[in-house]
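For clarity, chains are labelled A, B, C and D in written order, and residue numbers in each chain start from 1.
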Amino acid sequence: MILPDALFYLFAFLTLLFGALVVANPFSRNPVTSAMFLVLTICAMAGLFVLLNAFFLAAVQILVYAGAVMVLFLFVIMLLDLKEEQRRKINLFGIVTGSGAVLGLGFLLTRTIWGGDFSQTATPKVIGDTKALGLELFTKGQFLLPFEIVSVLLLVAMVGVILLSKKELK
Amino acid sequence: MSALLVLLLPLLAAAGIALVWKKDEEFSAQLSIGAIALGFVLSLGLFAFTPAKPQEFAFNWLAVGDLKISFGFLLDPLSKLMLLVVTGVGLMIHIYSRGYLHGDRSFSRYFASLSLFTFSMLGIVLANNLFMMFVFWELVGVSSYLLIGFWFEKHSAADAAKKAFLTNRVGDFGFILGILLTWLALGSLNFTELASALDGKALPFASLVEPLNRLVGSTNWWTVHPNVLATLVGLLLFMGAMGKSAQFPLHVWLPDAMEGPTPVSALIHAATMVAAGVFMLCRIFFLLEIPGSHALEFIAWTGGVTALLAALMALQQNDIKRILAYSTLSQLGYMVMAVGLHAPGPAMFHLTTHAAFKALLFLGAGSVILACHHEQNIWKMGGLHDAMPRTWWTFRWGTLALCGVWPFAGFFSKDAILASALEHKNIPLFVLGVFVAGLTTFYMSRLVLVAFCGNARSEAASHAHESPGVMTWPLVALALPTLLAGAIGIDAFIAKALPSEHPSPNEGLLNNLFAPFNHNILAAGFGLLAVVAGWQLARTLYTNAMSDPLPEKIGVFAKMARDRFYFDELYAWLIRVTQETLARLADWVDRWIIAGFVVRGTHGTTELVGRVLRLVQTGSLQTYAFLFAAGVVLVLAWQLLGTSPTH
Amino acid sequence: MSLLSAIFLLPLLAALVVLCIPRNYKFVIRLISLGATFAAMLLALALFARYDAAPVENGFKFVERHAWVSVSALKLDIGWHLGVDGINLGLIVMGAIVAFAAACVSREIKRLEKEYYTLLLVMTGGILGAFASLNLFFFYFFHELALVPTFIMIGVWGHGENRNYATFKITIYLSLGALLALAGLIALYLQSGANTFDLVELTKKVKSRPLPLAAQSFIFPLLLFGFGILVSLWPFHTWAPLGYGSAPTATAMLHAGVLKKFGLYGLLRVGIPLMPDGAGAWLEILALLCLGNIVYCGLVAMRQKDLNLLIGNSSVAHMGFIFLGIASLNLVGVTGAVVVMVAHGFLAALTFGLSGALREKTGTLELEKLGGLLRQIPFLGAALVMAMLAGCGLPGFANFVGEAMVLFGSWRVFPLVTTIAAWGALIIGAVYMLRAIRNILHGPGKPEWAELQDASAWVKVPFVLLLGALLLLGIWPRLLIDKIQPSVVPIIAMAEAKSADKAVRPSDLKKGAEDAKQRAVRPR
Amino acid sequence: MNVGLEHYLTVSAMLFCLGLLGVILRRNVLVIYMSLELMLNAANLALVAFSRFNDNLTGQTMVFFIITVAAAEVAVGLALIVALYRKRQSAHVEDLTSLKL
């Protein structure tokens, strides 16, 4: 039973590595590289989802997130044809305080995570495959209304985007 | 009922003049003279025909809880006598001032305020309780303010009016406190009730001591002893009299009050207003002589000091009206001294005679001033005795009465006071009285010798001529009581009103003339001796002297006397130090501390805080994101680190 | 629409009518506002005449009551409850008379008349409504209704160079005070558990079950200092002289004369009876504060160079007397306080009216510049002299009666404070009043004022009216006092019906005085 | 020691911090936006982990909705960035300081 643990560590390491690379890419400041690394992070995340028996979500993650959202990002980067950013003066004070705050937050979160004892069920009976998720969403009746509202939300987002990106005609 | 009429007539006259406000003199003069003439006749009626027993009728003016203030009249011999004095002398002065102020622009305003004055004076005389007396006390203060400040265009007159009113107000402050204390201790303000509440009770204030002590005692450095309270009541009420009768500490306003027209000085500062204080002392005499209260000694000595001080000041005055003003002050000192020597009877007697001859002297001075074209300095007059015969002999009678020469009224009343000083075994006051009598004769004869005898010193004096009839007839009318008042037994009449007096039977005119001699030969003898001494000294110094020889003789003392012993400067300095600095401090605190620091302070701090917060809005996304993150971290830290993680 | 509600609804109605009149009919606007205030005055006088002092069930007459909002779920009861007893009767009549005088005096306004008169009428309606209503909600609402026009009028039509500063200061101060008072009222509403804003029910409830001491000692200071600020109690008084100095005459008359009494009326009606213990603890402090009012503001008034500031400070000093009367908590003192409230209303209106007329004629109120005016303006001068003398407590005017009663009342409870207060009133008051007369009226005539002519007949009407009122109440005070006293007795009874743990209360002192006099038991 | 809930949560926490760091330090608007997405995914991870270890599916349905919302958000966000770019011709954060007081 040590395979899933090994896989967990692998995927976890990959996710964190790619995440770090999205944020602070030592090689080039080009946004495209960070976009690519974001895609890789999402795929690593999908792997983790699989480990957590959330198979449907892993697929959705890759399909929607990696596929659609990142493509949008690339479109915008291409549209704005951002060049390599020339390195502006490093605002050391900003960096130090920023990372200090983030470290503080990380320390606090881990401290509480490892402090609290969570009741964990060793072997879950529930498998997050499509049928189970479908039943959960539509028959239990709890999430039917939110589902409809989300669809409306998407519509609103579309209208918003169209309006925003219209050229000022007047 | 007729008393109400006497009181209200002048008020109606004043109101009538004020409302109609027609400019012609005739109407206002006739109205107010008619009112006071009718008043005089009625008070004569009251004086003669009503029974001696005091009657009282009052109606309830204000009744709230245990405070019952009524508005009523107490008619007893004392008030009837004063009624006569006020209306009698007042009538003379009304007639006189019609001539004196002829042609003045605000003639009707003068007569309106004169009637208002008479109304308030009558109010004091007739009042049957302390509160009503206080009400009219202030009204008299205001009407004297209006009269003294009659020529308000003159700076000196306006200031004199203000000074008079304020000094009176200081006296009234003491008076109201006295009233409050009597009301708290004895529960009522009505004279008859107070008298009944007092006699037959050992120490009325004893019951009050314990609670008041606890209340005031919180400052526990002085305990309240009943005698202290009794004296306190006496002194506070005396303070009211002090203000009105210009006694020692509060005497500064009287000389300046000469700024008003002469009839006003005559009316106010000779006959009535200043006498109100002495009348009040006699009226509340039973409050003053509560066993254990030392108020009376204090009063006696204040009177004595005032008499001496005023006499000294009068020595060096050159303005004829100021000399008479100071002589009034010293005579008032006599009366207050008499009250202090447990002798309200002689005090009232002296008050009545003084009213007559002092009014005469003032009016005489008025006619002299008018004759010499408003010249008031005696060293600019001279040789008037043949130019103005009628004024001359009436003035001479007044002077003789004032100095206390035998047949005249002044002798009898002053002798009565000196006799009571002897009876009361108060030798120092007796000596002081005799000395002041000498001084009085000295400065009065100085005035007479310089102003009337010798030869004219100024061109205006040389062709002075007798004043018109309307002015000289009142002089003659006043000269009669000056001569006869002493002997016709007024003191016997007064004695009936004052319980503490032993009424001596009034045995006819003739033996009254010699009563003072066989009554107390020592007092009469010394009195006359002082008069003769004073006359001789003045004669040697002043017979047709061109300038005042006294300053070389007594040097700096003369200057001090002329400058009134620098009391005015002392008070001015005192006010400047206490009140002005306090006012300046209060204004400074108000402007800077409360309005400035507190208000501007809060205004300033809010602005400062605003400016600090602005610094945070740097506009860069980074700082916002950072602040956001830092905020989250702090909250989490505070929350999580607070509770121990081991749960 | 009974007599009482007609008195204050009339001006509000007139305000609406004035709104509909086009701007350039200036004369019609002025006529309507004069007519409305005159009618209100007549109604108020009729009310005064028909009010007999016969005791009635819970002390209020001409009662008018309509439930407005009474949501039992929210335990809320805001009803339209009007009523008059001895205390607010005098205030309403005085308010109506002063309002009419203010309407007459506002002839000096030369621009934006329409807005001015609407605001004036709204203010009058608000004032009279505040005094007439017995429901705490409307009591407060009408006060605010009257307060807002004050700020606007001072801001727009005011005089003087620091007019804006004065407007802001008076607005902030009064809103702060009103806020505190509101907090106090709401706390009272909640603590009393009577679930009603109605004063009569509230008093009944509190009489049966007094508020806990903790609640009282918390609510009373709120009310005291809230109303204190509204009434310019000593440390919070700086807005008053400044505000009145730069206010237009009518606003100064109405606010200083009438609206300022709202705080005192509130304290007397709500503060003292409902929270006797709370009041007991604070009265000594209140006595000292009002000493500050009388003496401190008197001294400051002495230093003022401008007549309006002097009068403003003197009106603050008079407030000290009313506070002293209330703090004495006995029948004589409190009745005296109510009399001073009414008398000072007339006095403040008169003095501000006169100084407004003077400013209109001479253009300045600087004491140095003025001088020797009595010859040119005899009527205004005589009225000013009488007003000033009334101000420093001359008998024959209503102020003296009130101040004498306050002195008698508070002498028993705070002898030292009363002595100093008497000194403040008699001497300090007289000093600055006479100095003002001396500087303005007496002395030789100055050339620049030579061609001044006296007030015309119409201008004299309000001053004659106010002087007449002062004199009438001064000469025959029982006209007002017999009506006030029966309504003060229950308040005093409630104020003294508290735990007798106080060290020295007036009751012990009275017992001491009583034994000495062996008098029959007096009505307490 | 087998992998428990804490491990997943630690990973999610670290990923969240990384995202936050990115938002604070990077000055290119798009990269900030991507790190934002990173933080969002960290949250998803934690939710799924909870749903797995608490043995019910609500966590996963939540993630499902979050993803849809994230998609909508990205669309609108990018449109905003494009509009911003068109107006200011720069996507660099330091040029967009018109909010400065």
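One rule holds for everything that comes next: a residue touches a chain if its C-beta (ideal position, glycine included) is under 8 Å from a C-beta of that chain, and two chains touch if they have at least 3 such contacts.
Everything quoted here is computed from the prediction, not taken from an experiment.
Both subunit A and subunit D are touched by B. Rounded to whole angstrom, the centroid-to-centroid distance between subunit B and subunit C, based on C-alpha atoms, equals 36 Å. Here the spacing of subunit A and subunit B, counted between their Cα centres, is 102 Å. Centroids built from CA atoms put subunit D at 66 Å from subunit C.
Note on chain placement: the centre of subunit B and the centre of subunit D lie 96 Å apart, centres being C-alpha means.
With touch defined as above, subunit C holds no residue shared between interfaces to two or more other chains. Along subunit D, residues 20, 24-25, 27, 94 each make contact with two or more other chains.
Those residues of subunit A in touch with two or more other chains are numbered 94, 98, 101-102, 105. Chains touching one another, given as pairs, are A-B, A-D, B-C, B-D. If you check the complex, the residues on subunit D that touch subunit B are 20, 23-25, 27, 32, 93-94, 96-101. Residues 622-623, 626, 629-630, 632-633, 636-637, 640, 645-647 of subunit B touch subunit A in their complex. In the complex of the two chains, the subunit B residues touching subunit D come out as 614, 617-622, 625-626, 629.
Across the complex, subunit D is touched by residues 1, 4-5, 8-9, 12, 15-16, 19-20, 22-24, 29, 31, 34-35, 38, 41-42, 45, 48-49, 52-54, 56-57, 60-61, 64-65, 68-69, 72-73, 75-77, 79-80, 82, 85, 88, 94-95, 98-99, 101-103, 105-106, 109-110, 113-114, 118-121, 124-126, 128, 132-133, 136-137, 143, 146, 150, 153-154, 156-158, 160-161, 164-165 of subunit A.
For subunit D in complex with subunit A, the touching residues are 2-11, 13-22, 24-28, 30-31, 33-35, 37-38, 41, 44-45, 48-49, 51-58, 60-61, 63-65, 67-76, 78-83, 85, 91-92, 94.
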